[in-house]
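Each structure below appears as structure tokens.
Two complexes follow with chain A in common, the first pairing it with chain B and the second with chain C.
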Partner chain A sequence: MSSLALGTAEPAAGTTPGTAQRPPLRRRIALIPTATLLLGAIYTLLPVAWVVIASTKSGHELFSTFTFLPGTGFTGNIKDLNAYRDGIYWQWMANSALYAGLGALLSTAVSAFSGYALATYRFRGSETLFNVLLAGVLMPPVILAIPQYLLMAKANLTDSYLSVLLPQILSPYGVYLSRIYTAAAVPADVVEAGRMDGASEWRIFTRIALPMMIPGMVTVFLFQFVAVWNNFLLPYIMLSDDERFPLTLGLYTLLEQGSNTPALYTLVITGAFLAVLPLILLFLVIQRFWSLDLLSGAVKS
Partner chain B sequence: MTSTASRKSYGVKGAPYAHPSPTTTLKRARSAPYIFLLPASVLFLLFFALPIGYAVWLSFRKAHVSGLGLGAGARKEVWAGFGNYTEAFHDSELLHGALRVLGYGCIVVPVMLGLALLFALMLDTERVRLAPFTRLAIFLPYAIPGVVAALMWGFLYLPDVSPFYYVLDKLNLPQPNLLDGGPLYLAISNIAVWGGTGFNMIVIYTSLRSIPAEVYEAAKLDGATPLQIALKIKIPMVAPSLVLTFFFSIIATLQVFNEPTTLKPLTNSLNTSWSPLMKVYQDAFHRGDIYSAAAEATLIALATLVLSFAFLRAANSRNKQEEAR
Partner chain C sequence: MPHTKRRRLVTSAVAVALGATALTACGSGDDSKAESGPVSLTYWTWTPGMDKVVDLWNKGPGKKDKITVTVKKQASGDTLVTKILTAHKAKKAPDLVQAEYQALPTLVSNDALADISKEVGDSKSKFADGVWQQTTLGTDAVYAVPQDIGPMMFYYREDLFKKYGLKVPTTWEQFAETARALKKKAPDKALTTFSANDSGLFAGLAQQAGAKWWTTSGDKWKVAINDAATQKVAKFWGGLVKEGVIDNQPMYQPAWNKALNTGKEIAWVSAVWAPGTLTTAAPDTKGKWAMAPLPQWSLDQDVTGSWGGSSTAVTTDSPHQAAAAKFAAWLNTDGDALNALAKEGGIYPASTSAQLSGAFSNPPAYFSNQPDFYTKAADIAKTTAPSAWGPNVNVAYATFNDAFGAAAKSKSDFGAALDKMQDATVADMKKQGFGVSQ
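Moving on, here comes the complex of A and B:
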């Protein structure tokens, strides 16, 4: 907090004439850092900009005009995408929204319960439980996904919505974030006071602790939403019916077919552009409500 | 505040019953954490512990085909001992995959963390402009699926549609094939660096901001330049978060799968067992040999665990040495 305030106060003081005691030659803007950051931003925005522009080109323009020159085929591309297999692209997007939305919601609830229990109670085996849950982070997803697939097959659950939804509910990182956030945001004496007043443990959790945990839980939700939305491997292994595909898998199959028929390139590109759009918008809108700091596990005391 | 308010209301309501005795409160509080942890524990058992146990069990099994392999009872699962493991150890494809990933990791981890640290330090500089915009822009790839990232870069690597080749062509410069041989490593690494730098930058920047300003004051009064402050004060103070990002980057590197899989349709130089995990997938679903796949998967998981613990131990003992000093 203090460093942020300092950062905004500095340039303001520097721009007022007269207060500057240093020689006027000294630059007001830190040139090298600003330039470095701008280069970084150009690097990260370059492929996004390319996809935005390429999605406006017709199949012919894609191969003939300069890549950063906007084309005239955007509405045509959208029409083609709508027409492709009776608009299955929108089915993929709805599936992604379902997997990510519902999955992240359930995941946040589980993380909140676990984080609260690990942060506010002292009980036998709490450290062991926490460490075992965390070890899940170390497991490569493929190594989990293959036996998960085989077990799902035994339960006749492969190629279903549940097969993609269920394995992603428990997020070790979500539990970890929830625990450290709760430990910092919910004072132990508040919980104790509720207990002394005769409130049930459940009531203490829902009425007293949960409101204090909300900012942390928003972060857990977004983290998990992005993780599920971006997941490719699990649906790749679990699903075969493309009616249930999420966007990532749908675009991949589209690209795979496109490698033989360049005519599909414009579909892939337009599809990719529309796929990143919701997440970018989500980020811009929600940026005010969540703190990136929380994502890295930093909690202000 | 809330506690006193709720205390009052409960006090009035609960007056006839008085407070519950301390022992019942204690008992309730004793079972409560286990109930709160029940959903996570059940999910852990079903979707982590059980699959891992099953994979290990499968890794010691093999299919035994009797007769011509026809009919329902012709294929049986039998005990294989360490057979699948010795096979995996002698599998040159798996070894080559591991070496490829090692080469890939040697590019990705230093470049990505180097850039993340550089950007974090630059964001933390005084009088830097456009910081909120650039911070968000550099973090943006985090929100973009790996598959889409690989797809976007894949097109940028294709000579027919790429702006890079257009520029090279106009300048009459040689045009390397980015989707073959050595440059292919750079091409795949670039996608990972692009996707991962922002997240690591945020982690490092967060810990930079938690350093109290007083720490710099003395150095500034002594006339230290921003560069000196960065090298001598800031970097040592964020060492723990550098260790953390390094650790997670190594794990992510070992698990590379999405990017090469997505690039595969665009080039013939990426085979189906480019990375060890792709080989596991290939064995399990295309060759249908789940037993070998299970053994390979177990080996990779073990390698990950051993590396993680060795790394954490090394980091811990260094911390202790520094504390002792």
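Moving on, here comes the complex of A and C:
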């Protein structure tokens, strides 16, 4: 699901500038990159198309009709998904929205604070701190899941919403990105000017720096949201009550029902399709914030 | 870069330290004093509809004994074993867990399962010896109560067998002949496939041939994955694949479903739960299949292997082990409970008396053409060969998937793949600190 979700959005964001700056005289050269991009787009979109089409097939049609021929079972699949354990799927969807929405928001806030602090203040050890964070960026969060579980167990927080939310709040990559972005978008002169005018540090941050940082923060939010939405191992280790499961885990339990019961393929496929929709929607809605990039953060020197 | 290394070192040190503290905290969980007052237990299981079965307990015998059980539904498979062990490291494992038979040695060697022989010892008579023995691991202790079993059987398309004039094979020799005969009559069809993506099938076939992969002598383990019996099985299937008379595509893939549904493959070596799988894999062929005992290695034999099946175990982390054991025994021996389990969860019970009762008086809907399906199944279940699991079945299985997957694809020597499985398993056991005799 993860690659699908990212895949659909990224080519869209990437291809736009490419086609816009096409020089009319050098059409032949642009052919190769265009073809490459098209190929990439097909490569990433084909699985999405499969999910979309497969979700319209009933159990009978799923493996017996042509792969890319739409079926007739879409409403039936939704109904079945709705009926499965009294609609627990929607509970999973709400959980995912909570983990990803609140988690990404908190994580973006932490990233904004720390990124701004690292970029604008010079203090002893700030470079070391940043380097440690950089190292954190390189470390896959997967290997932290078990130590984090043991820590949560000590605090008696396992199998709770907090156990999934807390570890996701600090994102080394988010802090790294905010620092880089702040350094580029918030000129030291502007901060200095604010101080000259007698504004407090808090006021400078919230009224002057933050608006300039918005496009970067939107990026951090999106990255975090997608990461949490698609996260599997951390909630898998932390949670045992399926009322608190996010979508990833819930769909997994539908697949692995033991040898006596066949996997509920149609439900999983329909569930996966519905699970991608909020991500696509989010990207479409938030994308416009990126265009701010060119307008904000300009300073006359 | 050096920072990465350092950070990694620090975290792994933290992890090790945590692990150590968790370990030292172990070994003091001996709460066998009498229970009083209400007890509430949590139960990790993947069986669908288990919450409804547990409701029967909570409203019936559980209410009387003031023992309430809460179901927390999980995904099945090896990952659940890892999850239980992780939780156990933090002393937070649930009171009750569902565990496949081959996972029991892993859980026991990690000290995660409690010995409940005192509480459930009387239940022994309700199960076939070969099944019960899997929960004792050959000791005086009892680590789980058997729940469901998967005796292996031979499934075939009755109509197509008739059409091509094939007889249901009773020996593996005949099985090979049948495969060849079909290939000659209908080159685009195959009798069945050798799939390398479910090691449980191969383990069951080896078990039928008399293999004992893990045994103990004294305080040492003996690993015999490449023993003569298993080699015979590997050579047999490898030969058929090489000859091209059976398919080599993996099971449970869309292509495999299609092959079954369209009659490109006309038989399947499977277990008692096959009707459920066939219902989704080959919906158009409902009522055209029949079930027969597994072919034998020699005519005077009557044994089958098992593929799948699970048990209910009590963890050492549970503060109410006696109460949990009481529930485990009820769940898997009480008539009402087993009936509900069959109806809600679709399981085939390990308890011999339940195999012919209530829910199993009629054949599964997919096999309505075979009214004696479950009578036959119960007879076959009695012939299940004993199995011998070890503490790292997961490693053996993973190696099987890799080595046999490659061998089946390239139609090369299965014997070499078997040796690879043996070596990887022994090496892993040594690494884990088990004594292994050669």
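Keep in mind that, in the parts below, the second predicted complex is superposed on the first by the 245 of 301 C-alpha atoms of A that agree within 3 Å, B and C clash if a C-alpha of one lies under 4 Å from a C-alpha of the other, contacts with A are read in each partner's own complex, and residues count from 1 in each chain.
By our rule, a contact is a pair of C-beta atoms (placed from the backbone, for glycine too) under 8 Å apart; a residue touches a chain by one contact, two chains touch by 3 or more.
As the structure is a computational prediction, the values presented were derived from the model and not from experiment.
In the superposition on chain A, contact of A:L255 is made with both chain B and chain C.
In the superposition on chain A, contact of A:F123 is made with chain B only, not with chain C. In the superposition on chain A, A:T75 makes contact with neither chain B nor chain C. In the superposed model, A:F63 makes contact with both chain B and chain C. By the touch criterion defined above, A:F205 lies against chain B but remains apart from chain C after alignment on the C-alpha atoms of chain A. In the superposed model, A:L144 lies in contact with both chain B and chain C. Once the two complexes are overlaid on the shared chain, A:V175 sits against chain B while remaining clear of chain C. Among chain B and chain C, the chain that touches a larger number of residues in chain A is B.
Across the superposed pair, chain B and chain C both touch chain A at residues 62-63, 132, 136, 138-139, 143-144, 146-147, 150-151, 236-237, 249, 252, 255-256, 258-259, 265. The residues of chain B lying in touch with chain A in their complex are 2-3, 6-7, 10-11, 14, 17, 19-20, 25, 28-30, 32-34, 36-37, 39-41, 43-44, 46-48, 50-52, 54-55, 58, 115, 118-119, 121-131, 133-149, 151-156, 160-163, 166, 194, 197-199, 202-203, 206-207, 209-213, 226, 241, 251, 254-255, 257-258, 261-262, 265-266, 277, 280-281, 284-285, 290, 293-294, 297-298, 300-301, 304-305, 308. Residues 59-60, 62-64, 131-132, 134-136, 138-139, 143-144, 146-147, 149-151, 153-154, 158, 236-237, 240-242, 249, 252-253, 255-263, 265 of chain A are the ones touching chain C in the complex. Of all the residues in chain A, the ones that touch chain B in their complex are 2-4, 6-7, 10-11, 14, 27-30, 32-34, 36-38, 40-41, 43-48, 50-51, 54, 62-63, 66-68, 109-111, 113-114, 116-118, 121, 123, 126, 129, 132-133, 136-144, 146-148, 150-151, 166-167, 169-170, 175, 189-190, 193-201, 205, 207-208, 226, 229-230, 232-233, 236-237, 247-249, 251-252, 255-256, 258-259, 265, 268-269, 272, 275-276, 279-280, 282-283, 287, 292-293, 295-296, 298. Residue ranges on chain C touching chain A, taken from their complex, read 3-4, 6-8, 11, 14-15, 18-19, 22, 42, 44, 46-48, 72-77, 79, 83, 86-87, 89-92, 94, 148, 150, 200, 252, 254, 257-258, 261-262, 271, 273, 276-277, 279-281, 283-284, 307-310, 345-348.
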